[in-house]
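Labels for the chains are A, B, C and D, by order of writing; each one numbers its residues from 1.
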Amino acid sequence: MNRKTWIAVMAVASMLALGLADAATAAERIIKIAGFGAKSGVVRSFGVNAEAVLRAATDDINNSGGVRLGDGSIGKFQVDFFDTRCNAEEGISIVRRLASADYLIAVGPTCSNVAEPVFGILQAKVGDSSDTGLQFPIFTDGAIKGGLAKISEWSFRNVPSEDAMYKALFVWLAEKHPDAKTVFGGVEEDFAHSRFTWYSVMKERSVQAKFEVVGEAKWLLNDTNFTTQVREMKKANADIVSISSHPFTTCGVLKEMARQRVKPRVALVGLTSSSSMETLNGCAAQAEGIIIPTSFAPTNAKAQRVAELTAKYGGSADLHSTAAWENVEIIRDVIVAEKVMAKPETVQQDRRRMRDGLAKLKSTAGLMGTIARTEDREAVKPFVYATAKEGAWVVLYDPAKASALRTTGETPALAFLPQR
Amino acid sequence: MDFYIGLLQIFGIHTLLGLSAYLLILTGQVSMAQAGFFAIGAYMAGICTAMWGWHIVPALALGGLLSGVLALLIGFPALRVKGMMLVIATLAFSEVVRLFFFNFNYTVLRDGIPIGPIGAEGFRRIRYFPENGWTTIEVSLFMGLIVLLVGGALWWADRSRLGAVVRAVGEDELAAQSVGINLTTIKVAAMTLGGVIAGIGGGLYAHMTTHVEHLNFGILLATFAIAYPILGGMGSVFGTLAAVVFVQGFLVEGLRFLGDWRNLLFGLLIMLAMNVRIKQLGDVRLRNLLRGLFGLRRRSHAGA
Amino acid sequence: MLALEGLTKHFGGVQALQDLNLKVSKGSIMGLIGPNGSGKSTTVNLICGVFGITRGRILFDGEDISRVPTHLRLSQGIARTFQNIRLFGQLTVWQNLWVAQNAPEQKHGEPFLRRWFGGSRRAQAQVQGLLEFAGLAHKAQEQASNLSFGEQRRLELARALASQPKLLLLDEPAAGMNMEEINDLKQRVLALRAEGKTILLVEHVMELVMGVTDQIAVLDFGRKIAQGSPAEVQQNPQVREAYLGTQAR
Amino acid sequence: MADFWLEVADITQSAMDGLLYGSTYALIGIGFTLIFGVMRKVNIAFGAASLAGTYASLVAFQVLHAPAIVVFAVSVIASGVLGYVVYLTCFRFIAASNELGSLLATIGMLLFLDEVTVVSTQGMPMPYPVLFSDTMLFFGPFSLRSDLLLVFVASVVCTGILLAVIYRTRLGLATRVVSQQPVAALLCGISVPRTNATTFVLSGFLGGVAGSFIASSVGLLSPLLLIPVTLKGLVVTVIGGLGSIPGAIVAGLLVGLLENVFLYFRGVTERDIYVMLLLFIFLAVRPRGLLGRLHA
């Protein structure tokens, strides 16, 4: 071993030692974050995806140096994920458990029917000492039913505003197809989210865009026979068919439409939640051409990286799951801004700081661009219109970019969510 | 700590649900109607406190009463059938109730916010407990008191002549009739009382979760209601209580550390429990234990 | 005491009982015999109201009870035992007797709460008496299903007596008993008659029937083919052919 | 007047659609009723085992790209095996008198099988081979789904085979003996457990047929199918009369028809209320079902 290599070895060794010493002295602290969502039953994929994104995001931050805490030391995220089974009582138990332990904040849940009671047991108004609700911040990534964060000042959501999305979509459709006059709606009637989205969002927004709603067909979450509904749809012969239902019945209806040769003349619009793997898995052929606004598409380098990392963690990146990535980044920023300490004795104080910090935000960075935050703790996220094309979701149009991509086949659309 | 105390609330509510089914199974009726009664109690009590501003106690009472009246009304036609037919008939009833609330809209404005059941979107802000400054411990104690009252009353009645009559009906209807027991009275009374208990449980449920929607009261809930007493053996109310703790405490919360395996084990362990005949899960053993603890001896017979 | 008038029962196409007329006078023991499937048990079940009757009337103490529900017939003073013992196996011996105290005076003689939740001194004394009658006093707290076969028979008889009936329907009480037990049963039945009970005894075991009954009616294929004193019935050629004859073959 | 006839045509079409769709209910109902007929017990896990068997056949479809007929056959065999598993786990070692025990065990099994399919597919809807690529048959103004016609034919054929097995073979004789006189059967040297197991396998085969036909007529396999399949199966069994195979077919078609008629007149939100109310009233008025026998 000559002198040069010896020096090199020494240098590397001392650097390593220094590094170790540094890590030891900086008293790295753990920031405990909890994820919760459904990992069983028909909605299992939501929880699996959310957990994958959550772990990918926190590992990514931890690997790039962690978070600087209020006293200058470095904090590393630790994520624990809890399965709610999409059950209200389990959701409540989990949040009580998190609040009694030293978790800083929770990200979740995936199911709106868990979000409702979980937000309900939080303190409604901050600082209201007569209200014995839990004082624990929850930052939702998945549950999308309209207006949930209103329930408590401790509840925040980073889910797309369906209202803004469908408003823009129907206006865009009206501009694009001036000859299109009529809309026919299909709604999964017994599910809170899909029902809300048709009656309070799609229907109203299509009327505002000067369409005439010529009829609506209704079905239930686990219906399998749609002959009668689709016949109504056929009779109405509308230019646009707008379906507000989840993948299983969406596929069932689309298949029945194919059987009865029903094809809307101008466009077929779907529910945000259907822009996922499940629809492609179930009925790629029949879903061909369906247009769905979505708040996630790997249209830029970062979004692509998130999609890849998520796949590595065993999940699929879609509009529901990728919100968790943004949530983690927002949480990191708030920790820094609010000087959160992440010490065992400051838990309650830290939670309050997190809440106040989140409440203060007027906008945040998101994977698809800047996300505006509203007074009632909701988000208005940028979005694109996606369409199903040959077994994959492709971006049809990006309203944020003035240079609109063409609607027809020649679009250089980015394929995402490749069919497994 | 809060978590464990909160878990007691879940135990309490499910115990009431299980006891309402226990009572019916004692008379030999397996009823899936408990989910329906539970739903009626939940919505009614929620309407009372959140919309009409009532105190929790009369709200629960009205919820229980309404469920009881309905149980009485469906008791007569339902009792024409037995066994599997009764299971399906009562399941049909539960579904009708669920679908009724699915179509049920009734809201009032409170602080400018519409509040009340809105069909499929459910009924939120049933926040009587937090709004009135009840802490988790107080809520748990309140629920515990109700469970103690109901469970205690059932336990006591179980050991009286009434209990023997009820069990006689459950064991052999023909023989019971032949010794002059009026089957209809006993069964309808059990159905009614079961309805009241499930209704009270439902009212507590609504106030614990703060939000109810029709999907909460489906077949799965009805199944759980009958699963507790069956799993606990039919020896006494303690069996049902033990089964609730086993399911909600062990299978649901206790096995959480197993991740995905928890869900797989859930059904599997219930099936296994039936096979290895822990027929009286805690029942005989627990009863003996409690006897030992409190120095109670086997009662020779009433009064003697 | 009991009168059956033209009692008829059809099960679908099968005529289980055809136009049966029978009178059982107060304080007597009427035997009802016949080959298997001749309609004996059907008769008992019709009197108890387990089945609805197709035609005819049942008079009890001169009142038509044909439409009275089963559990109320008991209040009228009828009680029964079953061919294949039907005790409440999960209940104790004591409880088996306790639940059967449903005669009108027992029902209305006590306040509601005491009746259902307590147990009056009188009721308890009665149960105790029955236990002694059945020779089961030492087993009062035993589960009924743990009793021996003979004990179960005795308990069932005691249970039937718990509601202080005037008419007792015994459906093959000696089935499966040995001679000793049959003799014991004979004594009990005679003792009951001495107390003034009326008894309708359905039985295969001739030693018992011939030994205790005042009158015997013979059924064959749902029809009454003979009635008379034990001696008369024994001599009746029709009976010999239909019943004893088949048995002898 | 023209409107009136259009309306009539519409109702007729709806009713026909429902009737035809009811044949899937009938198929699943036959399986439930068969087990009840022999063991006098209800196997709540029947629908779940059938669907799980059908899920197993996805392997043949997705991995081996086998033709539909092979996929269906795999489904039938897998469901038969699962039928046996359910028998072993929920009936074999639980005392015959402990009816509630078996009931609860089958519920546990249902939850377990459901969760297994969920975990293995992440709960996603899976495509299933479609028969005749969704051909419709047209009769004047009316149209019929040919695949559902096939389901109907299948349910009739299955019934035929079943009745032949029950009334023409030794196995069937044993089955009937066991269902009517288990103790006597034992004395005659018929193995009750073996006969019961055979019944479960047989009903499992039937479940496999039902599962694959249902999945194929929906075009998808999803855990969401479990509740409709189980619920409709039970309802149909009860309306048809517990243990009556022809009753299950009639009841299946009837329920399908009524569903669509109620849907047509009262909308989807009230549809099931009327179906359930009707069921409740029907049970109260005629507890033995359409074609059921009265048994003590």
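The rule is simple: a residue touches a chain if its C-beta (ideal position, glycine included) is under 8 Å from a C-beta of that chain, and two chains touch if they have at least 3 such contacts.
In this text the structure is predicted, and so the values were computed from the model without any measurement.
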Chain-contact steps, minimal, separating chain C from chain A: 2
Set of chains adjacent to chain C and to chain D: B
Middle chain, criterion being Cα centroid separation: B
For chain A paired with chain B, centre-to-centre distance based on mean C-alpha positions, whole Å: 37
Separation of mean Cα positions, chain D and chain A [Å, integer]: 38
Whole-Å separation of chain centres (CA-atom averages), chain B against chain D: 31
Residues of chain D engaged with two or more neighbouring chains: 114-115, 118-119, 227, 269, 272
Residue numbers of chain A (touch at least two other chains): 40, 189-190
Chain-level touch network, classified as line, ring, star, complete or other: other
Chain-chain contacts as defined at top: A-B, A-D, B-C, B-D
Sites on chain B touched by chain A in the complex: 1-3, 6-7, 10, 102, 119-122, 124-127, 129-136, 208-211, 213-216, 252-253, 256, 259-260, 262-263
Complex contact set, residues of chain B against chain C: 156-157, 160-162, 164-165, 167-168, 171-172, 174-183, 298, 300-304
Chain A-facing residues of chain D, complex: 10, 13-14, 17-18, 21, 114-115, 118-119, 122-127, 134, 136, 143, 145, 214, 217-220, 222-225, 227-228, 256, 259-260, 263-264, 267-269, 272
Touch list for chain A against partner chain D, complex: 40-45, 48, 189-190, 218-225, 227-229, 231, 247-248, 251-252, 255, 258-260, 277-278, 281-283
Sites on chain A touched by chain B in the complex: 39-40, 82-83, 85, 88-90, 92-93, 96-97, 99-101, 113, 116-117, 120-121, 123-124, 130-134, 145, 151, 189-192, 195-196
